[in-house]
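The following pair of complexes shares a single chain, subunit A, combined with subunit B in the former and subunit C in the latter.
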Partner chain A sequence: MLSIADRTFRSRLLVGTGKFSSSAMMVAAIEASASEIVTVALRRIDLEDPGDDIMSMLSRDRYLFLPNTSGARDADEAVRLARMARASGGGEWLKLEVTPDPRTLLPDPVETLKATEILAAEGFKVMPYMNADPILALRLQDVGAVAVMPLGAPIGTNLGMITRFQIEIIIEQARVPVIVDAGLGAPSHAAEAMEIGADAVLVNTAIAVAGDPVRMARAFAMAVEAGRDAFESGLGRKQIEAVASSPTTGLDFLK
Partner chain B sequence: MVEIYSNLVAGEFIVPPFQELGPLIGARTAGDVEKALVAERIDVDLFAALLSPEAEPYLPIMAQRAGELTRRRFGRVIQLYAPLYLSNYCGNRCAYCGFSAENVIDRRVLSLEEAEQEANLLAERGFQHILLVSGEAPGRLAVDYLAQLARRLHHRFASIAIEVQPLSEPDYAQLFLAGITSVAVYQETYDVEVYPKVHLAGPKQDYRYRLDTPARVARAGMREIGIGALLGLSDWRLEGLALGMHLAWLRHRFWRTAFTVSFPRIRPSAGGFAPMTWVGERQLAQLIFALRIFDPDVGLVLSTREEARFRDGMIGMGPTRYSAGSCTAPGGYSDPEQTGEQFAIGDLRTLDEVCLAIRAKGYDPVRKDWDPVFQQHAGGEVSRQYK
Partner chain C sequence: MEIQSGTTIEGLILGMDLNPDTVVVECDGQIVLREEYGNHVLNTGSRVELIRFVGGG
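So, the complex of A and B:
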């Protein structure tokens, strides 16, 4: 089971709601993904409108809505968006995204840390999107993030786990769940993230823009399960050499 | 987030009862040992395998692996330090210690001037890193004394560490500002059943307060913490496992702190205490190799409790820090006739002789690996932001 803050989840696949060809397709794909956490851009929805196309089609009993601050360029903007969302009934869960560069959409570490500290102190359950920087992960955890979401590769690139070694360090050091977000273009990328011990992954584009988003969602779901099972069964990973049969190390000095 | 052991991430460090740790080691196989020897990182289960009897035939391979990891992280160097004993007064009765309150020995607490004179002698002999040591007698040697001494000394030494009774977090913060960079506090035994049998009177009887000390030290902002277990009180395999778990827990809580581990074996001392369990050199070596493989980044200390032959042999196999030319009686550097020592030294060579031996092994004896400029705190405020 995946535990984040005070909630537990059976699925370790988080999905996004953007970029689908239709709301109906979005709902079908999310169902096929078996995901229990869906992220939704605050700028895309009207929390106060019960007829909002995204909000009305996904049951809050079944899914944890994870509003994100996509579009925010600095901490001030992200904090304002988050407060506004909570005031409109969006709850305290938040995927924090602060991306000042509209070209790469890479997260700003300084503003992300600032916003996390402010929002965590206000009772938000903050899950910051971040570059795969181990020290930043620790700093975010120290100021109250309930999970960290390092990127596997820049968003939308489909490059997979190009930050793998950094993410391995983050996983080893973190006391909060590590959710790999962004850049995972294929189920094998998601499996790789899970095999090295990530607690979960978030996938949006790769599912939403697939020829058949429903089948692709299922493929990711299976890959995430396969990767997790492999990790938990003790994958024989990174064997650096065979055990030397006749070592030359002298221990004759031992009495 | 990796759960190295189920309770490592919990709020406070819980030592599993030794009866539970036993089966953890007993269940390990030779296959587990081989897995541990080729893995890039190992968890507590594989660490247990390296501590188990199953690992004994693999000792030379463990030595090789421990050596590789140590060279990769630390290079071909051994850092040197000397202890400076300030006082042998002690309000505790600890069965294994020469300073124990009921022992009849020459008791002495150095004046600040005497302590400074001892420190000057160590500086003249070439030491840059010193460890201030005392028994537990706050009435005779209080925090203020340590702070004053540190202020007098800290511009003359690269670093000053202390090994004294457990203190409060504000006390540690005060000492940090005075120029002390690191604190050693050994649990002696993690075995809750044996602990009260050897700590017979005095404040040291409080197992929990002692166990929580490294966390207080870290919160106070100290750079480095030394932990350890006194070998010869309980089963060394279980002791080693608990020690490794404590280290892993501390690492997860206090990522800004560096850690070292010591493996003191009980030495002959006043009181004539006989070790309750036997730990030979092969066992000590196995423990050192296992811990190095479990934590490639931790500093490993091998003091002059061990004989020259063993210390020379272990160079390049895990340890990173050696003491040298040590005397464990207060005032013993100025007056070699001084009695009242904590225990008998095993390696009597001078610093220069130890340095020669290290060089002969192809390693560099490093006398200075820090600088007092790190301790010149601008505002005098201890940062408590990152705990």
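So, the complex of A and C:
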């Protein structure tokens, strides 16, 4: 079971709800993912074309809505978005994102730390999106983050676990759950994150833009389970020289 | 946009076929609590933002 703050979850796969070709496709893919936590963003309503209301498509009884602060460029904007999310009935859960540079969408560590401290003090359950920096992870948990969300690779890049060795250190040191967020482009990437001991992963783009998002969601769900089983089972050490799998004795008859 | 005088936030939201339970309202930079939607009358020149959850990662 995945435990974050005071909640437990069966699934270790969190899914984003952006970029799907239709609301119906999003709902079907999320169902197939067996995820229990879904991220959402806050945006101004287009009065000319209000579109579908995501809150009427996904049941709050079934999914924990994790509002993000995407679009925030500094701590002040993130805090403002977080308070709006809470006012809209989004609860205290928050994926904190502070990304000042639209080209890289990398998180600003200073502003993220500042916003985490402010929002945790206001009672938010803050899960900050962060670069894979082990020192920052400790600083964020010290100011009250309930989980940390280091990136495998920048958002939407599908590059996989390019920060793997940093994330291994984060996992080794963290007292709060480590959820690998962003950049996971294939089920094998998610499995790799889980094999090294991540508590969960968050996937959006790779599922949403797949040719068959429903099937891809299922593929990620299986990969996450496989990776977790492997981690809990205990993986063997890597080494350069071969070690025979078959007995090395009992070959006398060949002589 | 033009609205009739005396319109409340609730009236504005319902008039646009939106669900008040899923809309966040900021009026002149301040978040309006949902319980206030029925009482909060909009004044001339009020700057209203209507925000809600959309798909995101």
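Going forward, the second predicted complex is superposed on the first by the 227 of 255 C-alpha atoms of A that agree within 3 Å, B and C clash if a C-alpha of one lies under 4 Å from a C-alpha of the other, contacts with A are read in each partner's own complex, and residues count from 1 in each chain.
By definition in this document, a contact is a pair of C-beta atoms (placed from the backbone, for glycine too) under 8 Å apart; a residue touches a chain by one contact, two chains touch by 3 or more.
The structure displayed is predicted, hence computed values, not measured ones.
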| item | value |
| --- | --- |
| Contacts of A:Asp142 with subunit B and subunit C, given as first, second, both or neither | first |
| Subunit B versus subunit C as contact partner of A:Asp199, first or second or both or neither | first |
| Which superposed partner A:Leu254 touches (first subunit B, second subunit C, both, neither) | first |
| Subunit B versus subunit C as contact partner of A:Val176, first or second or both or neither | first |
| First, second, both or neither for A:Thr163, with subunit B first and subunit C second | neither |
| Which superposed partner A:Gly16 touches (first subunit B, second subunit C, both, neither) | second |
| Subunit B versus subunit C as contact partner of A:Ile54, first or second or both or neither | second |
| Common interface positions of subunit A, toward subunit B and toward subunit C | none |
| Subunit A partner contacts - residues on subunit B that touch it in the complex | 1-2, 9, 34-35, 37-41, 58-61, 63-64, 67, 251-253, 255, 280-282, 285, 309-310, 312-313, 317, 385-387 |
| Complex contacts: residues of subunit C adjacent to subunit A | 1, 16-19, 21-24, 26, 31-34, 49-57 |
| Subunit A to subunit B touching residues, read off their complex | 138-139, 142, 171-178, 197, 199, 236-244, 247-251, 253-255 |
| In the complex with subunit C, residue positions of subunit A that touch it | 16-20, 26, 39-45, 47, 50-51, 53-56, 65, 67-68, 70, 83-85, 87-90, 155, 182, 202, 204-205 |
